[in-house]
Structures are given as structure tokens and as C-alpha cells.
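One structure is given below, represented as C-alpha cells, and several questions about it will come after.
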Amino acid sequence: MPFSHIDETGRLTMVDVGEKPITDRTATASGVVLMRPETVAAIRARTTPKGDPLEAARLAGILAAKQTDRLIPLCHTLPLAYVNVELTLAADHILITATARARASTGVEMEALTAVSVAALTLFDMCKAIDRTMRITDIQVRSKTGGASDWPASE
Amino acid sequence: MPFSHIDETGRLTMVDVGEKPITDRTATASGVVLMRPETVAAIRARTTPKGDPLEAARLAGILAAKQTDRLIPLCHTLPLAYVNVELTLAADHILITATARARASTGVEMEALTAVSVAALTLFDMCKAIDRTMRITDIQVRSKTGGASDWPASE
Amino acid sequence: MPFSHIDETGRLTMVDVGEKPITDRTATASGVVLMRPETVAAIRARTTPKGDPLEAARLAGILAAKQTDRLIPLCHTLPLAYVNVELTLAADHILITATARARASTGVEMEALTAVSVAALTLFDMCKAIDRTMRITDIQVRSKTGGASDWPASE
Amino acid sequence: MPFSHIDETGRLTMVDVGEKPITDRTATASGVVLMRPETVAAIRARTTPKGDPLEAARLAGILAAKQTDRLIPLCHTLPLAYVNVELTLAADHILITATARARASTGVEMEALTAVSVAALTLFDMCKAIDRTMRITDIQVRSKTGGASDWPASE
Amino acid sequence: MPFSHIDETGRLTMVDVGEKPITDRTATASGVVLMRPETVAAIRARTTPKGDPLEAARLAGILAAKQTDRLIPLCHTLPLAYVNVELTLAADHILITATARARASTGVEMEALTAVSVAALTLFDMCKAIDRTMRITDIQVRSKTGGASDWPASE
Amino acid sequence: MPFSHIDETGRLTMVDVGEKPITDRTATASGVVLMRPETVAAIRARTTPKGDPLEAARLAGILAAKQTDRLIPLCHTLPLAYVNVELTLAADHILITATARARASTGVEMEALTAVSVAALTLFDMCKAIDRTMRITDIQVRSKTGGASDWPASE
């Protein structure tokens, strides 16, 4: 039966969370945008060409977290109670940390990761005219609570 | 005049591309999802729990590229002529390469980067049940043509 | 530490509603589209050029209310149980009244205000070919229940 | 009073589900894409020009189900616990079956029907270069549970 | 090399339209919603429970056509110059006909089909409380101009 | 034939702009958010509870302008070359001015008005915890160029 093979191998399936209990879920993710020290200095001095990349990145990250279910095909729609994006400037990079929270029957780590990723892309977009060396790196989940097994921070 | 200071420092501004010529633009970006060798093996064997992550990642990346202007606040709306997402499996990671193309008055590198980022998030989502060690890393622009200055590959 | 100052002053933050009780929330908002009497007459006579502005405005307002969380950056995603848009024609204006309802841990007044605003924009769009004098005015919250403090109508 | 008549006849109204109990809702819908036998054979052989239509259709159907409230104006926003799209290849057609599930105060049949419809459109798009005879047909609800009255399968 | 096989068979690819000429494209699609005669009568009499299904279907179809690129994964983003949805009531069904037009380098038939499909789903949603027998059927392209080969109407 | 009457009176129709020339279009719109002087002072002092309303409003307005075609049902999809949102603080209100620009075959005033409206809603959202007296008022088109007839500023 050749079709079953096609249809069943690698078949995309959304996890059914209809029987899972609703609990208070949190997740924190982080990522880094590497850039030249002059670029970090321009951000601190608020002289980047398209305006303040920090506020834009925070807002874009929060908005994106609320759209995770439309970006990541098999993610569930979750009523986020909270999303926060924090930016820490270092000598040659910006560290992005995002936290998401929801009362839900599945975890919110994809929402936190999406906030980090889109905040990073926004920083990139707003600084690309002055820095062609940027790289987005080390996007990962830092911690997670409320599910069957909590994650301590992964270091 | 305290307000002017608040309003003008770091003020968010979209670049006006109304006077720029329309040219054929292309951009290629890449990124890497680090994962355990067992996870790469499961993807090759098509045994990951939610279905084939490769097809899902390609599709999610293409769809996301078409939504770049809604995710990245100051990006322009571009009529993409082409988006492609390629996935290369290695021993302990997957390399994602995305290409975007448009006849437009501004570059398409954010579209290529968005495709890479959302493809990476989708791989992450589809493998997270079997691998808690994943990281998304090295997202960058590889080349760019059609603008005032072309980029050779950045290595 | 110059950065902390940049990052903390005016920093965009979503309110964490994770600890707030879920209650039955309602809100009513209103707004007015001022127009020439001939325009109101054309709407009554159903002779405006692009079709019935009243039905279009109602529908657009309801659809927009369901997208409030994507339009207003720090709004929460709420599962609206009800949205209604009422239109009252007067001699030289149309009064728009919108009601929203949800079981939620935060208020629904932004949803009602968004419904009013987009209904008003839709009326404007559908009548602009015959009336260049239109103005959208007096958009406000009229009443609100279910939160820590209810609002009586504000008059 | 001529206006009331205009405003009240046929006036678009979202059903208020604020008082309805939240129950476990499921719905199954199906539809058929008629096509030439050669087209079914090309899909089985995975030789259609734009890639595997089956995976693309499944993913597009799942993503669309999560956007039902933005496509169908008077549908409520529902937190879907599960969406599944199954494809069965026959001699001259593909049968699409979609199931949706949510804990909600209103039914999920529109979500199942939307998944079927967009999966069908995606199959159409991916095969239209090789088959101009396709038709999408027989889209219907097959069963429904959790509401005031359950539907047995409609045959 | 097992991976190449996985990655290349059935691989999803957007067609590159960057070299294709921009021409004036049109397409017309149609579809049918079968329903009980009493349901058609209720629509004519404007007594269906959620308001006028005809206006809602037209509007939903037009809005959906403008979102085709986000619903159908490999469709291009097209600047539609025109979308129209016509509804014809018959004894036991409603015929939906949609026309789309754009100056573009690829056809607009998916936009016309999407308008028909979402208009049909909207009719279904607005009449489902009074008619459980509805089916959406015969969705097809009727004609197409502006591409390499025009279609006469397919009958 | 009762149906024709229903279908043709007030029937929603998108304007066909397929034959209209593509020209450089601009439009400026403005609006006002009335608020207590203490609220304006809190915004100047950057002490409002959810962060800087000015940056959030600018960003939300720009993002909304790019989504005008999905919010206002009969608006065309336009490739905006530029959107700008300016905020001017006065004693008891904030004046919002938005400019939009596109090479297009139809005007961009709805894009400018949408930017103003959503910027106003965002200011409202971010200050509503400290000011229940706010009203959004005087939303109007100020000028328009590139179409059959230009508008001078409307005063």
C-alpha cells in the first residue's frame, strides 16, 4: 500500500493537549546579537540611524510572542499572561532575555524563543546600515516551569 | 524644551525608499541549529514525534519571509518573487540557508534572515520533546546583490 | 552605568496578569464620524459608491476587536465571548457604539475601542469619495465592569 | 424611522457565548479534491513540481484552523487543543479529513471546515501546473460533540 | 547519502517569478453552497440568526483574497487591483463567483479560489444554526487571462 | 425577483484600480488624544506605568499602516515606501501626525489614518491606568498628493 507509507512517514501532527491539566507555565529563553563595539556605543548614545533599537526590539519581541502559533506551525494558541524582553548591552554584543507566562496545558518556551528571535532580528534590522558584521547566536531555553518536568537553567 | 529631546532622541523612523530605484534584489542568509547526534539521526530516520521537521521548517520559513514586514517594525512590504529554504544535515547540527529575491527599492536580507530564524524555531519546536540541548546559532547574512553595494560572502 | 538608564527609563513592559482572578469582563466604547448631511442621506438611501458602509463597518469592527492584541503592542490576547458594533445615524454624523465581553483576568476596553476605531475608519473609507469633510471624533470608553473598579458611564 | 429598518434587518451580530458552559468540543469535517489519475500518481511518486503537496496541505490546514476567527467574521477565538489533517489518496481524488478539539463554549466545526478548505486550496495550488481539471468538492461536517446536540456522521 | 534523498524528494519550493514579465492578470473562480430551500428562503427574507450572510460572505471573501499568500504556503504576495465576490441565489444553493485582478508576474487564480472558499465558509457559519445539511461543492477556476496560456471557461 | 434587490442594493464592491496610472502618492493625517495635564507630565517625565507611550505609539502606528488592507475591508494592498508618525505634546493633549507614501494607483490616506488611529489607541492603552478621562478626537486627513485632485490642508 504505497500511499500509507507516504502519508505516515514523517507525517505532521499537532500534539493533542485536550487531556492535559492546565497549570501555570513559565519559560525563559535567551540569545545574543554579536556586533562591533562601535555599534554598541552608537546604541548607547542613541545615534543609530532608524531610532532606538532597544525599544523597537522589546516591542517587536512582545508582539511576536503573541503570534507564535501562526509562525510555528504545530504550536498551540496560548493566552499569554505576560511576556517580557530584557536587553543587556555588553562590550561587543547585546544579550536578549525573554520570559513568557500562561495558564495553559502546554509549555511556553516557544513563545519565549520567538520573542528572543524577533527581538534579535529587529536589532539587526535597525543596526545593519552601520554594521555588516552582526550575527545572531546562542538562542536557547534557560528555564521552564509548570510542566511534567521543570528545567533548571541549563548551564 | 524637554519634550523635543524625548521625541527626537532615538526616535523610530522608517527609511523613505520612495526615491530609490527599483532593482532586482537578492540575499542569502544562514543559521545553524545545534543538536545531539541522536536527534539528527531521528530526523534522518523520520522518527521525530511530531512529523518531518525538515518539511515543516521549510514551509514555516517561506511563510515567515512573506510576513517580515509585520514582524520587524521598520521593514518595508516587499513583493517577494522567490524564497527558498535549504536544510543540510551534519553530524551534530542542521545548517539552514535561505534565499530571497524581489524587484524592490530596498534589500531583502531581513526576509532571508526571517526565513532562517523561523525555520530554526520550527526545527526546535519539532525536536524539543527528544532533545533539550538544542541551540540556534550563527544566524547571519551570507551575500546580497542589487543594492548600492553588493556583499561577497562574509567569510 | 549609562546603559541601565537607557534600558530602564520608559522601558516597555507588559503587565503580568498571571495572578489576577478570571472574571466576567465587559466594556462599552463609542465614537462619532462627523459627515455632511448629504452623506448620511446617501448611506440611508444605500447609494454610496462602494456598497453599504454600515454592514462593512460592523464587520470590520468585530474582526478588528479579535485582533486587538496584534495591533496594540502591550494588550493581552483575550478569548472574546462577544463583540457587538451598533451604528446610529444622526443628521450630520454616525454614532458608533461597541461592546466587548470576555472571561478574562484583564479588562476588555481596548477591544471595544479598537472595534469603534476600525468601524470608523471603514465608514470613512467607504464614504471618502463623496465627502472630504469627514472627521472621526470622541472615541472614548463609556462603561466597564468586572475589574477592581467598575466605571459608570462617564457623562 | 427609516434608519432602524436599515440597521436592524440583516444586521451582523456575533453570538454571545459568555453564559454558555465550557465543555470539551470536537468536530470532524471532510472534503474532496477531484483530479486526474495521473495527478494522483505524480503525488504518490512525489514528482509534482513544487514539492510534496501532502505535507504542505496538512501544515497549511493546521495553520489555517488556528486563524479561523480572523477569516470567518463572526467566529469566536478558540484555544484549539488539537487539529489534525488526514489525506487519503484514491484513484481520481484526494479525501481530506480534519479534526479539531477545544475546551470552549462554542463548537469547533468551523475550525475543522477551515482546515479542510485551506488544505484543499494548497493541494490545488501545488498541482495546478500539471492538472487544470481539479475541483474542490463535498466539504461538509461529519460529526460534532460537546454541544447541546451531538451530530452523528451525516450519512 | 541518505539525507539528500530525504531533502530532495518532495522538497517544497516556491517558483521563482523574478524573470517573468509583469502583465495584467485576471482569474474567475466559482463554487456552490448546497442548502435546504428553507435556508435560501431565510436568506432572501433576511431572517437568518446572525445577520445578512450575503454581505458577510462578500466581505470575508474579499479580505481573504488579500491574505492568500499567508494561507497558501507557496503563493506569491500579489498587489491585487480588484477582487469581487458575486452571490446568486437558486432554489437549493448559492452560487459564489469571485474575480481577481492584478498586474503581476504570476496568475491570480488562487486569490479567486480563496475568495470563493472563505465566502462559502462564511455562508456556512452564518446559516449552520438553521441548516445541518449544507455542503460546499464545485470550487473551480472558470477562466484566467494574462499568463502564457489563457483558459476559456472550462465547461 | 426579490433576490436581485437584496444583492444589488448596498452591495460591497472593491474599486478596480487596474487601469489607473501608478503615481507617487502621499497623504498626511492627524488626530488628538485629549488627556489630563498630569498625564502629559507623566509621559514627559517617562513615569507612565507600562513604559514610554511615545515610542510604542510610533511603532504601533507604523506597523498598523502596513496592515491597512487587512483591517479596512475594501482597501487595496499597497507597497508603502514610507510611514512616519510624529507626536507633539501640548498642555492637555498629544497631537499625532502620520504621513504615508507609496508608488500606487490609489491613494494612501487610509494608511495615514490607520497609523494615527492605532497610535492613538496605543497611547490610550499605555496611559489608561492613570487617566480615565482620555478621548481620541479629530482624526482627519490633512493633505493628499498624487491622485486626480490634490488636497490642500483642510483648514
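Order of writing sets the chain letters: A, B, C, D, E and F. Residues in each chain are counted from 1.
In the analysis below, a residue touches a chain if its C-beta (ideal position, glycine included) is under 8 Å from a C-beta of that chain, and two chains touch if they have at least 3 such contacts.
Since the structure is predicted, the reported quantities are computational estimates derived from the model, not experimental observations.
Novice: Quick one: which chains contact subunit D and subunit F both?
Specialist: A chain counts here if it touches both subunit D and subunit F, which gives A, B, C, E.
Novice: Which chain has its C-alpha centroid at the greatest distance from the C-alpha centroid of subunit A?
Specialist: The chain farthest from subunit A, judged by C-alpha centres, is E.
Novice: Can you name the chain that lies farthest from subunit F, using the mean of each chain's Cα atoms as its centre?
Specialist: Ranked by distance of C-alpha centres from subunit F, the top chain is D.
Novice: Have a look at A-F, D-E or E-F and name the one that copies the A-C interface, over half of its contact pairs being the same.
Specialist: E-F
Novice: Identify the chain pair with more contacting C-beta pairs: A-D or A-F.
Specialist: A-D is joined by more C-beta pairs in contact.
Novice: When the centre of a chain is set as the mean of its C-alpha atoms, what distance in Å lies between subunit B and subunit F?
Specialist: Once rounded, the distance between the two centres reads 30 Å.
Novice: Could you please state the distance in Å, as a whole number, between where the Cα atoms of subunit A are centred and where those of subunit B are centred?
Specialist: 14
Novice: If I count partner chains per residue in subunit C, which residues reach a count of at least 2?
Specialist: In subunit C, 10-15, 46, 51-52, 55-56, 59-60, 63, 67, 73-74, 78-79 touch at least two other chains.
Novice: Report the residues of subunit A in contact with subunit F in the complex, numbered from low to high.
Specialist: 51-52, 55-56, 59-60, 63
Novice: Under the definition above, what is the set of subunit F residues touching subunit B in their complex?
Specialist: Those residues of subunit F that touch subunit B are 24, 44, 46, 52, 54-55, 58-59, 62-63, 66-67, 78-84, 86-89, 101-103.
Novice: Under the touch definition given earlier, write down the residues of subunit D that touch subunit C in their complex.
Specialist: Interface residues on subunit D, with respect to subunit C: 2-3, 6-7, 10-18, 69-70, 73-74, 76-79, 105.
Novice: Can you list the residues on subunit D that touch subunit E in the complex?
Specialist: 9-15, 31, 46, 49-52, 55-56, 59-60, 63-64, 67, 71-75, 109-110, 113-114, 117-118, 120-122, 124-126, 128, 132-141, 151, 154
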